[in-house]
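Worksheet for the structure shown next.
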Amino acid sequence: MTTLLCDHADEAVAGIEDGSTVLVGGFGMAGMPVDLIDALIRQGAKDLTVVSNNAGNGDTGLAALLAKGRVRKVICSFPRQADSWVFDDLYRTGRIELEVVPQGNLAERMRAAGAGIGAFFCPTGVGTLLTEGKETREIDGRTYVLEYPIKGDVALIGAHRADRMGNLVYRKTARNFGPVMATAATTVIAQVREIVETGAIDPETVVTPGIYVDRVVKEADRA
Amino acid sequence: MTTTRVMNEQGPLNKQDMAALVARDIPQGAFVNLGIGQPTLVADHLPADSGVVLHTENGMLNMGPAAKEGEVDPDLTNAGKIPVTEPAGASYFHHADSFAMMRGGHLDICVMGAFQVSATGDLANWHTGAPDAIPAVGGAMDLAIGAKKVFVMMTLFTKTGAPKLVPECTYPLTGLRCVDRIYTDLAVFDITPQGLRVTQTFGTTLDELAGRLDVPLLAAEA
Amino acid sequence: MTTLLCDHADEAVAGIEDGSTVLVGGFGMAGMPVDLIDALIRQGAKDLTVVSNNAGNGDTGLAALLAKGRVRKVICSFPRQADSWVFDDLYRTGRIELEVVPQGNLAERMRAAGAGIGAFFCPTGVGTLLTEGKETREIDGRTYVLEYPIKGDVALIGAHRADRMGNLVYRKTARNFGPVMATAATTVIAQVREIVETGAIDPETVVTPGIYVDRVVKEADRA
Amino acid sequence: MTTTRVMNEQGPLNKQDMAALVARDIPQGAFVNLGIGQPTLVADHLPADSGVVLHTENGMLNMGPAAKEGEVDPDLTNAGKIPVTEPAGASYFHHADSFAMMRGGHLDICVMGAFQVSATGDLANWHTGAPDAIPAVGGAMDLAIGAKKVFVMMTLFTKTGAPKLVPECTYPLTGLRCVDRIYTDLAVFDITPQGLRVTQTFGTTLDELAGRLDVPLLAAEA
């Protein structure tokens, strides 16, 4: 249905429920929906499952959400970083669950959720700890593991520009997980740097068509 | 649902009336795929301010009306290969992305023609089953299982008078239990968990229909 | 490896072997690689399996290739058209094999080939003639059919513009199958309207990165 | 394969020498992913006219060198989150497309570090197996099985002198039978159907290596 243009990030994240699975875009700071994460912290939803490439850095953003005890489980490819002390502490003290997923499987499992694929045979991680106990099958002489979709209740993504129909373009490697997560969640919320009139984005260059985008908010000016 | 007001509610509807009826049931801002043939007529009946966004499976969202003379661009067609136009806010994508959008349940409604629909919503619209027919399915099976709601537009009876709303399809199936609503020249049917419900009739009655169809019918809810 | 810029379509299709599986782009005439098909007819490879949305129209292009008896099998979604008499006759007289695949499965099976997916569970066509005999599975209460990749030896695609590294952009709905087929074949040959200097295509707008494109030829001027 | 000429072929190679050695084995025009850490040094040793195109899994082909001061763009980083630059002919794509490119076998070579490699090419480079370690894999498993050729760069022995080229990996695996060639400070090894072949040595000999490693070694082909 029609994309809602929100005046503030708090309006954009309204209604996210306790227990939701939240897909959070970004790779490092590129594409990270900082305003939306801060708004989610204010909004207060808890018992969340967060799906993102990393598990928070420093004390802000995702790390701050984790520090407030709102996250039950993290599904990510790379939680351990030089400045992931918030996650590290929660994990080591048994206060957060972790599912480590190879980065490409993380992307492909969300793509499957968005594309209506029930499951897929994937060659990544065969014979490793990360696929232990999963169904395997040999196809044309190669071994594959059966992987299932990861679907979000909500996706929080960062993009560069939106038009008033919610069509999105990204910028450089800040594109990363945004377009895939936008297909994989029931409610997709995008923070953008700029909202332009419909028609101002060349239809050939739209990366995420507005059909995938439920709410858009312009990011706050930074000092 | 808005109350429909159709030109000749007195008698059997013609194609344009049926298209108008479907158009009036499409909610503001819905994302819709109109199948090749009769369903494309629905677009002509959508109000200019409907905000309805049309999807065409050959890779476009917010497809515009058919191209007029002088507007034809061979790179821009609908799924029926008819030249169309590009309104503001359109987007293009490749076939795998287009069908991912469909299969992933992102379209609100698709409207299709049918040879037969069963009382439980099985759809047959791709193959007559004739032994010498060359099978050709296009995107029909993808559409049938992809959209959140599948609307069928068809006459209720064949030219020889055989019902097209049947206990079980005898033609090869396009999809199982996928149809939500059937618009016909004589009535509109909703396929509900309770059964087949007649929500409107045109120049006929529920009793009359019940006598001509071999499927149990429920009356519209009060 | 480095994309080869060819002077003529005949050079572009050189070396296609008898028995090859050839993916042919286009939907109707939009995106149809007309010059490459004509060159393939001149080149002479036979016993081909052709994967395309349709099975030829009129007496030119794919229909001409079929008429010359070069095609053993067609894999497509919609062979029967008002002007598909060449295919119709070959089929009715048992001189060509046909595998009808729902259009979305055709695209997704090629996408799987290009993405290294061994097989996938797909909801399309469940309970129909087109999935008879295929493995099914219920996942989360829905029935899916297991579908396998379609890989090409060669892809012939039409695009709008290439740079000298083989990066491609398409135009409007002529994009259709091109980008997917480009990922799914061992040798990818693109016909384009224009070849521009590297750097002349905005990196944000590239649809098919040059890594997928082996040979490029500018299409012949039409009278 | 071009003959390599490395600065100190006499002694153990340092990191830059190993990177130069790898760079010289990358064919003209190859599509290459350089793993985070030591493998990124390889880029500095590719000749300007190599035509080699670098892939970064966070969604870019034809990635340029690290950004210098004044060139930093927070929207443009490599997989190690280090700011990089955009040369002519670059392209961007999302994560699913990026890993489809990798998993689909479209990259010619990926270069990775390793904790251990087995004689049959099993790779262990993501997890030390320490019970208190927080597991983190990133794109390592995808890279290991995706590229046409996987090159490993590592020292041949740990700081405590344990061989990293082993009969069987004792660390958790990243991928099975995925490594094609191992560049170390003391020798280069090809993993072939016949076994582990030593193709070059630096300041050591095949016999010496055979005495320090618990894996059968084949001599370079004449």
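General remarks:
We just call them A, B, C and D in the order they show up, numbering each chain from 1.
In the analysis below, a contact is a pair of C-beta atoms (placed from the backbone, for glycine too) under 8 Å apart; a residue touches a chain by one contact, two chains touch by 3 or more.
From a predicted model like this one, the values you see are computed outputs, not experimental measurements.
Set against one another, A-B and B-C show the most C-beta pairs in contact at B-C. In whole angstrom, the spacing between the mean C-alpha positions of subunit A and subunit C is 33.
With centres defined as mean CA coordinates, subunit B is found 35 Å away from subunit A.
If you average the CA atoms of subunit A and of subunit D, the two centres end up 29 Å from each other. The multi-chain contact residues of subunit B, meaning those touching 2 or more other chains, are 86, 92-93, 99-100, 102-103, 146. Among the residues of subunit C, those in touch with two or more other chains are 108, 111, 115-117, 122-123, 170-172, 203-204.
The complete set of chain-chain contacts reads A-B, A-C, A-D, B-C, C-D.
Across the interface of their complex, subunit A is touched by residues 56-60, 73-77, 81, 86, 92-96, 98-100, 102-103, 127, 132-142, 145-146, 172-176 of subunit D. Of all the residues in subunit A, the ones that touch subunit D in their complex are 27-31, 77-81, 87-88, 91-92, 98, 100-108, 110-111, 122-130, 160, 170-180, 207. Residue ranges of subunit C in contact with subunit D, taken from their complex: 1-2, 111, 113-117, 163-165, 167, 183, 198-199, 203-204, 206, 209-212. Subunit A meets subunit C in the complex at residues 108, 112, 115-123, 137, 139-140, 142, 144, 148, 169-172, 202-205.
Residues of subunit B that touch subunit A in their complex: 27-31, 51, 53, 55, 61-62, 86, 88-93, 99-108, 146.
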